[in-house]
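Think of it as A, B, C and D in the order they're written, each chain with its own count starting at 1.
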Amino acid sequence: MKLFAGCELVYDVPAPAPVVFMLRPRSGAGQWVISEEYQIEPGVPVIEYTDSYGNLCQRLMTPEGRFRIQITLVVETADEIDVAPGAPFVPVQDLPDDTLQFLLPSRYCQSDRLGPLAADITANATPGYDQVEAIRNWIQSHVIYQYGTSDSSTSAIETAEKRIGVCRDFAHLGISLCRSLNIPARMVVGYLHNLKPMDLHAWFEAFVDGRWYTFDATQKEPRGNRIVVAYGRDAADVALATQFGEMQLQEMKVWVEEKL
Amino acid sequence: MKLFAGCELVYDVPAPAPVVFMLRPRSGAGQWVISEEYQIEPGVPVIEYTDSYGNLCQRLMTPEGRFRIQITLVVETADEIDVAPGAPFVPVQDLPDDTLQFLLPSRYCQSDRLGPLAADITANATPGYDQVEAIRNWIQSHVIYQYGTSDSSTSAIETAEKRIGVCRDFAHLGISLCRSLNIPARMVVGYLHNLKPMDLHAWFEAFVDGRWYTFDATQKEPRGNRIVVAYGRDAADVALATQFGEMQLQEMKVWVEEKL
Amino acid sequence: MKLFAGCELVYDVPAPAPVVFMLRPRSGAGQWVISEEYQIEPGVPVIEYTDSYGNLCQRLMTPEGRFRIQITLVVETADEIDVAPGAPFVPVQDLPDDTLQFLLPSRYCQSDRLGPLAADITANATPGYDQVEAIRNWIQSHVIYQYGTSDSSTSAIETAEKRIGVCRDFAHLGISLCRSLNIPARMVVGYLHNLKPMDLHAWFEAFVDGRWYTFDATQKEPRGNRIVVAYGRDAADVALATQFGEMQLQEMKVWVEEKL
Amino acid sequence: MKLFAGCELVYDVPAPAPVVFMLRPRSGAGQWVISEEYQIEPGVPVIEYTDSYGNLCQRLMTPEGRFRIQITLVVETADEIDVAPGAPFVPVQDLPDDTLQFLLPSRYCQSDRLGPLAADITANATPGYDQVEAIRNWIQSHVIYQYGTSDSSTSAIETAEKRIGVCRDFAHLGISLCRSLNIPARMVVGYLHNLKPMDLHAWFEAFVDGRWYTFDATQKEPRGNRIVVAYGRDAADVALATQFGEMQLQEMKVWVEEKL
């Protein structure tokens, strides 16, 4: 489906501050970026660089006062995500070198401490895709989705205990449980068509049977029409805005519509 | 200046063939990509990757028949390029590691064989920026710009002999002469506002005094309002289309206008 | 000083298991690897790759039974580490792109939660080197060094609370406090001459005044003659052995002597 | 076989000059670097970095006078190289992204001009491994190996015409012919056991059937026990010493023996 998507962020900036945005998607598996428009008001110099995961990052100094940033996208996306029940686990010794980093624990994904829970959840699952699907399904049915119950310091261990959170917490828990089973897993941030309520979204990918598969523990069923903006180990790597000063987000709009 | 630029390429494809396009600029020093639109007709799957210089490359299979590709850009560019008469040569031992590759000879830039010419041209120049400017100026006044006098196999040695060519030949010669003086130099392809006649363009950058400076031997005076699309060692690295089959370019339009 | 250093690890392996070792130093600032010998018994195939930080990683399958690995190094090292009281803080907007990742929180360095402690410790310090030195000094005088008080899941928050740990905990706390002040900080693992008791060691580096400086909170005074083996965000990135199965470390010897 | 190999280079240096050496092998497919010793006399500071192909490069300033550099290696190598008659050609659209650069022409490998010769040589060969083997065999039987008949500016076109050269010319021609058939090919420099006369050596690798295979047009039969030191597009990328000043090589010894 051709999607018309984007977001608008309006900040109140008490004093000029550096910030790194990560709002620009690249074309890749399942998505072709047809057009993209990036507005910044007031205009300030921007330096763009690529991080170690290949994400495009935009560095700038927010000026004092009202600061508005808007990105508008048209992206051709796959209507369905691939599902592969029974797809096999890849033994660690056979994993590609660049997937190994996604086995390591990270700020919000303490996979080193969630092994027993992962073992419980996947006790009856075939190693590989079915383990990840069991994890995704367990989170979907055991963790309550509720805004305001977690914050930017909430990590997978807390979510495993409190069983409440938002999309990023669901993803962190899914990632941690996969890694504890030696399945590489990474965080994805982006857009999802028909997400309710509409917002920027986060989900995860797991590496089984030689490729990355998409999993979203906030949804009952597999759903396509996603736009990936950035990949990373967890939310620390892929914040849409990493602020190094005071900036208050005053308004935020997100839209993902079919482009007719 | 805010530029509205782009190009349209129409091919006749006798049989499906792989091709790699390099048409998508990234934001960087002196340019902020505000918007970008990429059309392909008929639509085919595209895989995008980043090459070792950081250029965005689009891989696809052209379908049989008429194939059209168009990219439309709005880019904020610097009105002036930086000039720095007297800026010093950087001794090789002080060059950043990643500039060293731009000292090596390459397909179209046989810098290992152009040392004597470079020495002649720069005999009276202070090492550094002034050497590069002497080279640029020498090419501008000694090489005739004429379409149809060179082709995709023409290299700097031939241009040094025949003293005739197009922008890519001017750039290759400039790059080769710089490298023979141990000044890192790289090829740039992109757009230039008010280029006459309008076309896709090529120029070069040289590394002096700790940074890259822009040089264009096809122009009498330094001119800004350039959009960089890709960097590389020479034209082999930064072809706008690297074809691996028969594809006849039937039409090509390029435009670079001020966006009001 | 020319150092003769190395380590010997002997494992008991109940069943073949994949493992990634990170034992091979590269030459770099302050160290020149003159010679290196790497023994593995019994011999098994090894695949070597470079991670995203440039560390050399060795992947292999440990065979069942006794498994021994030994690396022997001769390295010319700097006798002194550079110290730079008063060296200035680099504002985030001026940091090199590739240092930005070392501002982010990570598994063992929850810098997002240690800001108040860092502010207290550095209340009277000039921004930059002196802040890092105040942090290093505070840890050195407020945290007790004691084996067996922490484990592989201990992170900076716990060390800040319990004020006890080993070199890796000291480093994690130092890194976290620096990052909370927007000073890039990274973990280093390696060897230190005259460390008592001798062991593999961990310390940290902080980026001030345009370069990385070495800090070691386990030591009263700055000390040189260090061999860096690997860099990373924290211990998750730079484990000397990342095991993906049961392997019991039975013996471990480490030596760092002057090579006469 | 376990090989004891290395080389000693002695230069006469009229004035201090920067140089980049590429003498340090890394472990990889078919070779495990057990030990390595690197001597430099007189001692000078060395900075090591990794180029875009992953080769370890050593930058230094040679001091005036006699300068000696010696590297001594013990490497476990495969006794046989893999051969795969009939292994299929990989269509360009299916090649991994990072192999595409090895399809492009380069300084010494003008593949854009050698298509007709490649077509002749491989007229009866199955696309893929057999084409490369036909090329290798043709070079082996049609090009005369003779020292002193080529120099550092000799490229594949000249070798195709004159049909005489040394190992690097044989490799350049092989690489060019492969690339003209859309088979990725890269230059390798290193050591070969029992090479006669003993010297540093160069050969090439071609990518067919999903992996790189080794080809050596200087040898009648496939031979193993090779130590790869560096990879690149051609000799410009992988010179064992890239000099930026006057340095006369006075003595050179190379040895590759079985380590008992």
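Keep this in mind: a contact is a pair of C-beta atoms (placed from the backbone, for glycine too) under 8 Å apart; a residue touches a chain by one contact, two chains touch by 3 or more.
If you're wondering where the values come from, they're calculated on a predicted model, not measured in any experiment.
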| item | value |
| --- | --- |
| Centroid-based (C-alpha) most distant chain relative to chain B | C |
| Centroid distance [mean C-alpha coordinates] between chain D and chain B, Å | 30 |
| Between chain C and chain B, distance of the C-alpha-averaged centres to the nearest whole Å | 43 |
| Cα-centroid distance, chain C relative to chain D, in whole angstrom | 36 |
| Multi-chain contact residues (two or more partners), chain A | none |
| Chain-to-chain touches, reported pairwise for every pair that qualifies | A-B, A-C, B-D, C-D |
| Residues of chain D defined as touching chain B within the complex | 18, 20, 49, 51-52, 57, 59, 61, 91-93, 97-98, 100-101, 103-107, 109-110, 112-113, 152-153, 182, 236-237, 242, 244 |
| Chain A partner contacts - residues on chain B that touch it in the complex | 26-29, 32-39, 43, 45-48, 50, 54, 56, 58, 74, 76 |
